[in-house]
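Across the two complexes that follow, subunit A remains constant while its partner is subunit B and subsequently subunit C.
The block that comes next holds the complex of A and B.
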């Protein structure tokens, strides 16, 4: 997995690419928790380059979400490919995270 | 009488021979030194201390190449002042191409610098941070079978009759010893981790019911669970919350390894405590959710909890982000659309109860995602729909769980099992059917 921090119209977006599993999720965790440490909101993660995510990857988002909630912040996910969206809806995680179709959607939202 | 011709050796030749002899002695001594130490922490100081003495040098150091950061880091340094070594180890790292060591690492060539301060490649930062004054330096790349290991440096040496080829040759030998020591260290780490995981797996198994089946009146429940090589987080439990009721829990903890095993142990022990005396599975999951909300590192668990009346076959289900259960009846096998809340441990939620009637001869089948997410060597996943089709074709088979597992194994072929596989079946027997 590779990870980039992209600046989109003044909003910092965490953009991981590849598979997020128990081996790669610690790298993602470091980036997300750094954002939480700076009390950034919304925490935006773009998943369009992500091909697979396992439960340890999802736990990383849960940790980020809980961290953000502690200062009234939000975690927003965008760009979910159909197979990733399926994982989220299958485990009812779409009830947990705010899922958006695009970064503009978040900015306007 | 014939006399042997006298061989005459010039002083210069004699000096060369002496040097060769000395080189061979050094080689042989260092060889035995290198083969005597297998621990990396012992090996490195031994060798560089010896190099420091031989070269009458003020300091010697080894920088290791960190593949992840593409930087050189001080692994070991021997100087007159301990403080200097500490500063180097804790604060200084070099980019590839930066400083003498960076140049040597990048070019993979030995460099002898007689006047460090006038060499533009010299990195002033290390001296500035330590207060050490570097005059001259020999830096040799350490290259093993798998590429660059790092750079060895001999600093402020006073001996002038050194043999650079000999130093390079010793460094080649040293590189192999370092590589072997790293391999040895990693093997020990792997073995330790493997042992810890084996213990975690044993502890985890001890939390599951002692026997994988249980019968009360017309209802029987049975389970099949096969952990993946790494400790996963599948769990199941059978419980009698109140008389005449049988409870069946299936779940999947996020993550793998020791943390997942510990979390799973907490989930099961909290569940057993909270489920006692309670008929409503939704209430139990809501309480269990509250007890798991402070789980560290975003850990969560997907669960399905079913409580069946062992006399009537009336079932109540509650679901927390777990894959749908399958109703295996006369009609086509179908996934049960049970209203579900998010997995436990994430956010406050009130989990609803869903009632369902199980008729005699019918079954409910519960699975974890390891079953239908099994991968084949082409990287394709088995899929929930394929699993439904297999269940449909074999809906009357008494050993349905085994048939499903065999189908998963056939599909996965040589691919290693990446996730735990768990299936639990609840069966309402037809009266006098002998099933």
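The block that comes next holds the complex of A and C.
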């Protein structure tokens, strides 16, 4: 997995690419928790380049959301492929996270 | 191996001492489906399961998982392979001195470098999946038989396995609890598209969960194919099994006399 921090119209977006699994999710966690440490909101993660996510990846997002909520922040996800969205939906996490179709969608709020 | 095959067994032969248990059997297990290994007591199904998870080495033959022959693997390679599989043992095999949450966390702590905070969330997710939220701090002895099995499934799911094996999941459970477990197996297949292999002789369970069936008889593959083909089969042994009829007497009186007279 590779991670880039992309600046999209003034909004910082965490963009992982590849597989988020038990080996790579600690790297993602480090980036997300760094955003949390800076009390950034919304904390945006673009998953369009993500091909697979396991339970450690989902747990990492839950941790990020918990951290963001501690300062009234939000964690927003975008670009979920159908099979990844299905996992979020099955875990009932589609109701916990804000899921958007595009970064513009988030900006327009 | 074909892309839609999860496990391929070729010409598997195994013995306990001089006695042949599996007699040159070959079959494939499809990816993302539930395959039931079916057969009467003593047909070799538990022995086969032990080979599929690398606990026993065959006398000869191959077992391919992800194009690698596990029959040829050393213990290190087998341990790597086992991280990608989950097993629900007959008695659930939970560690009695650990809470349910600690049991589920154990394989994650052993095999990953994830933070404790991440592991704790994963454990709660796995327990919620098997409807055991709120039982994190219970010990196995404080759970019913059905709950123990579900906790065993949560632990088997800990490392997000590609293949999940169930050894007689309904054994010792009442019919309602057993049906609940079957529903959970279906849910796991549908949502995670996991390859599920269930060893059982419980017919109601077979009809509920099986996409594919491998039926063993005295160490041979009697049938391998979709459930609908099994139920339509007119093979006498399959019909007897499905209609729960006893085996016919195989010995004539002279043979019987020889056996009991010790000749």
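By our rule, the second predicted complex is superposed on the first by the 109 of 109 C-alpha atoms of A that agree within 3 Å, B and C clash if a C-alpha of one lies under 4 Å from a C-alpha of the other, contacts with A are read in each partner's own complex, and residues count from 1 in each chain.
Throughout what follows, contacts are C-beta pairs under 8 Å (C-beta built on N, C-alpha and C of every residue); 3 or more make two chains touch, one makes a residue touch a chain.
All of these numbers come straight from a predicted model, not from anything done at the bench.
When the two complexes are overlaid on their common chain A, residue A:43 makes contact with neither subunit B nor subunit C.
In the superposition on chain A, A:84 contacts neither subunit B nor subunit C.
In the overlay built on the shared chain, the residue A:96 is in contact with subunit B alone; subunit C does not reach it.
In the superposed model, A:59 makes contact with both subunit B and subunit C. Shared-chain residue A:106: touches no atom of subunit B or subunit C. Of the two partner chains placed by superposition, A:20 touches none, neither subunit B nor subunit C.
In the superposed model, A:1 makes contact with neither subunit B nor subunit C.
Across the superposed pair, subunit B and subunit C both touch subunit A at residues 22, 55-56, 58-60, 62-63, 90-91. Contact residues on subunit A toward subunit B in their complex (touch as defined above): 22, 55-56, 58-66, 90-93, 95-96.
Residues of subunit A that touch subunit C in their complex: 21-23, 25-26, 29, 54-56, 58-60, 62-63, 86-87, 90-91. Listed in rising order, the residues of subunit B touching subunit A in the complex are 233, 252-257, 297-300, 302, 320-323, 340-343, 345-347, 369. The part of subunit C that touches subunit A in the complex is made up of residues 108, 111-115, 117-119, 121-122, 125-126, 129, 159-160, 191-192.
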